[in-house]
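Multiple structures are listed underneath, in structure tokens.
Look at the two complexes coming up: chain A is in both, with chain B in one and chain C in the other.
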Partner chain A sequence: MTGLLYALASFGAFALVSGIILAIAQKVFHIDGDPMVDKIDALLPQTQCGQCGYPGCKPYSEAVASSQAEVNHCVPGGERVMLQIADLMGVEPKELEAEAAAPMLAFVREDECIGCTLCIKACPVDAIIGAPKQYHTVVADHCTGCTLCVEPCPVDCIDMLVKPELIEHWSWPLPETKRAQQGHERRDHHASHA
Partner chain B sequence: MTEIALILLSAVLVNNFVLTKFLGICPFLGTSSKVETAVGMSFAVMFVMTLASTASWLVQQYVLIPLQLEYLQTIFFILIIASLVQFIEMMIHKTSPVLYQGLGIFLPLITTNCAVLGVAILNVQQEQTFLTSALYGFGAAVGFALVLILFAGLRERIEVSPVPELFKGSPLALITAGMMSLAFMGFSGLVKI
Partner chain C sequence: MKGGIIMPAMLRKIAQRLGMLQHSFTGGIHPDMHKVTAEMPIEDCAIGSLLVLPMKQHIGDICVPLVAVGDRVLRGQKIARSEGYLSVPVHASTSGHVVKIEEHAIAHPSGMGLPSIFIEPDGLDERDESLIPILDWENREATELRERARTCGLAGLGGAVFPTFIKLVQDKRFPVETVILNGIECEPWLTNDHRLMLEHAAEVLEGMGIIKHMVGAESGIIAIEDNKPDAAAAIQQALDDRDDMDGVSVVVLPTRYPQGSEKQLIYTLTGLEVPAGKLPMHIGVLCQNVATSKALYDAVVLGQPLTERIVTVSGDALAKPANLRVRLGTLMRSLFARQELEDFTDIQIIHGGPMMGERMKQPDVPVVKASTGLLAMSAEAMGAAHTVEQACIRCGHCSEACPISLVPNLLADQCRSEQFEKAEQYDLFDCIECGACSYVCPSNIPLVHYFRYGKGQVALQRREQVFAEASRKRSEAHENRLLREKEEKAARRSRVRKTHAPKTDEAKADETKPEKKAAAEPAAVEESK
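Let's turn to the complex of A and B:
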């Protein structure tokens, strides 16, 4: 009987001590929210354009951090941001969606613009300049192609154009390395025999 | 001094927990797809194993034997290991959220890593002293870390090589693990403890 009492008492005491230590550790190592959200949010371009399907960059980073969203939905960020997020989350990088592959640009047809300033208010990156009753125009360098300005325009004078590739941004395509080439050949060889 | 070296050598290479005793296989396969994650997992296991083997030795000597409660060994050791894992989980979540994300479910699963409980129970069975049991725990953890990181490196290289479709992923990982185990059998003639 005493043996059983000893067993219960010692196990209870031991469990209590470890519980108290863990409770103290919980206080010491307390964290507010998920730190991954802030890390992902810092990588995103903060245009709040909503093209990812979430109302802004913060909600999207929350969705990515909790693995509810894929890493490839940020259109303005493009492939660079997608690779960074994939690396941070430790998941495989995913191809950007096909429609996002061609960068778009907003263009105001100035002779139709009535100078209502509605598109200026809608632009998340302040890429539209103009004043009331004056023509507005888009600063091409700053436009992320988010299409948020198209909806509010009362006269529908904003077009989305495919962004022209500027000569400053053009570069030679990367060379195929010998090793990669051999890999391709071997895979084709296997495929043709299968 | 020789004894210390022998214990470490025995735990790290000769009686390697993963490849010769086949304990702790689950995290060995689960967290070895990236070297970074493997390194993080290794340090977490090293921390838990060393502390768990010393703490369980203390509990065995100063609580269970005086009260003649040796039959409660398993449940006491599990309690120690579970608390330690909870502690390190909070610590990693605070200090390195990226590693926390990378380890995912395998971090709380250190609790059920049989290598951790195995080293605690083997220490008691072999009637080690305090110092040797701590060393044995540490050596076993270093052995685990060594093979985990080696295996992760191998898997990273395999990932980018042209592998027949049939063997991609887990099949080749299992074959690689088996070959590593064969290689580690070569150490068995090194020391006898």
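Let's turn to the complex of A and C:
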């Protein structure tokens, strides 16, 4: 009987001490916000295009982290990003809804621009420069191709061009052998059935 | 080292481990050398009717044209200036008129192009004499000579075209002790360096003197493979003729591919290994190609910028191979036409050597500083190699052949299945793409092609990551700015209200103001969210 009491007392004391340590640890090592959000945000392509239905990459990662959104809404990220997010969240991968378009680039036809600054305000990554009643222009290196500047332009002088392929960014394709191509097909097959 | 040729790979490896061999890089292969042009003197190739000079013929940043359409240019005149540090200018390779400045296909496996300057030669071949020859280079500052190497557009002529002047530097932290001139030329078919050493031995040696003077090195080695005894003899003769070349020696090495690769050569000659991600400079060695040394001589002693190079035009589909002295910008089609090859059906054009060279999509591509050789190979000879890839049988030949002790079959599997992180752990990026593994593979696996694919994909992902990170920062800055602007606006509005409020309503204004301000602020915060 005393054995049982000892056991209860010692375990009770242990639980109490652990509880105190945990309570302190929670205060000391407190993290603001959800670390998952940042992890997902780091995977997203940061185009801020809103194609996922959220006003930017951060809001979408918040929605995914809180399980309010599916993992397959990021269009420019494509299959790779979807798989990475699914892996991070520990959920089943889902088929993508829309195929990612070729990377685009906004281009302002400068002689038609009236300098209204509306596109500058719309650009989520500050890639358009200009001042009121001055021509605006897109900094090509910073443009994510999100198309958000096209809509607000009152004179429709913004074109979305296909991003030119640079020779420095060219990379070798897979070998044209059957095995190399089959490997690819097999992988695609697995991905779609996983 | 001496027994390297006859010993089988495995025995050599064991001997090496036991320290029985002094030092000699691991792996390597002995392909058929096909040096059919070895006995053929260098011929001067006539200047074509059009020269196309791409704005980038080196590793690094692209150049900016200095001339306009219609301008007359002289041979050796700078027609494009270098932008950024890692770059060298481009010079007109003959006198003539600029007829066009637009994109033209370059020697690149993608078949894509770069902005290029088109020059129509006027046949006079007048030189730009503005650069003064420096005959007393022994008494000149290294920095002056270095600037000369840069203005003359020198880039490594062994094929890698790294801007030469960058290597020719005296760094107190890493003093260069040994200068190595690379006359190995281990690629089959190519004989351009061989002929250069034979016919320009004195210039090559003088170039060595200049390099040694510039970096302050004590000793120098000119490394030549034993399949070029005449070249070694010529250099040795030139060395004996001079008395100011103390510490310089000619070393003849047994033929083995890829001995001409910088890191492998340095190890074989000095026993020092260049650590991954480091440069030869960090272990006190400087390596230059013999042709670069000759070009440095031309630049310093003759005051001539780099406007021509020696190109081996050869291959099994070419009836009349040759070693040609070619002006940069000459179209490959005209070179082949000179050697009586005009029909390119079922012929593959290789730019560089057969092991590391790249297949060109078409022959209308200009010769550039990197063009060591141009090979016309029959499609059957090339096609047989790698069309039918079979399963890996784990024979291990590729690992034995690899000069940097990688495991090529494993790496290829990882690249094929896109496990790039794993491939990186297995040192994919240490691969020098020498092609020894692909050469020995009995299953015809295009191993190097897989590595190039893998490296490209990793580079692409990294680039995307960097771009995404930059976009995220800009987007955050954008949001923060909007927020701040709203707050400022709200603050201003409330201030204006306060100062312009009617006197009679002072009490009322005082009452409402804090409320309004308080209401405005959260509203601003909410909106911007």
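Everything that follows uses one rule, which is that the second predicted complex is superposed on the first by the 99 of 194 C-alpha atoms of A that agree within 3 Å, B and C clash if a C-alpha of one lies under 4 Å from a C-alpha of the other, contacts with A are read in each partner's own complex, and residues count from 1 in each chain.
Just so it is clear, a residue touches a chain if its C-beta (ideal position, glycine included) is under 8 Å from a C-beta of that chain, and two chains touch if they have at least 3 such contacts.
What you see is a predicted model; the values in this text were computed from it and never measured.
Asks: Using the superposition on A, tell me which residues of chain A are in contact with chain B and, in the other complex, with chain C.
Replies: 183, 187.
Asks: Touching residues of chain B toward chain A in the complex: what are they?
Replies: 34, 37, 59, 63, 67-69, 72, 75-76, 79-80, 83, 86-87, 90-91, 93-94, 97-98, 101-102, 162, 164-165
Asks: What residues on chain C touch chain A, complex-wise?
Replies: Residues of chain C touching chain A: 106, 108-110, 112-114, 386-391, 416-418, 445-446, 449-450, 452-453, 455-457, 459-460, 463-464, 467-472, 474-475, 477-478.
Asks: What residues of chain A sit close enough to touch chain C in their complex?
Replies: Within the complex, chain A contacts chain C at residues 41, 44-48, 56-58, 123-127, 142, 144, 165, 167, 169-175, 177-180, 183, 187.
Asks: Residue numbers of chain A touching chain B in their complex, please.
Replies: Chain A reaches chain B through residues 3, 6-7, 10-11, 14-15, 18, 21-22, 25-26, 29-31, 34-36, 39, 88-90, 183, 186-187, 190, 194.
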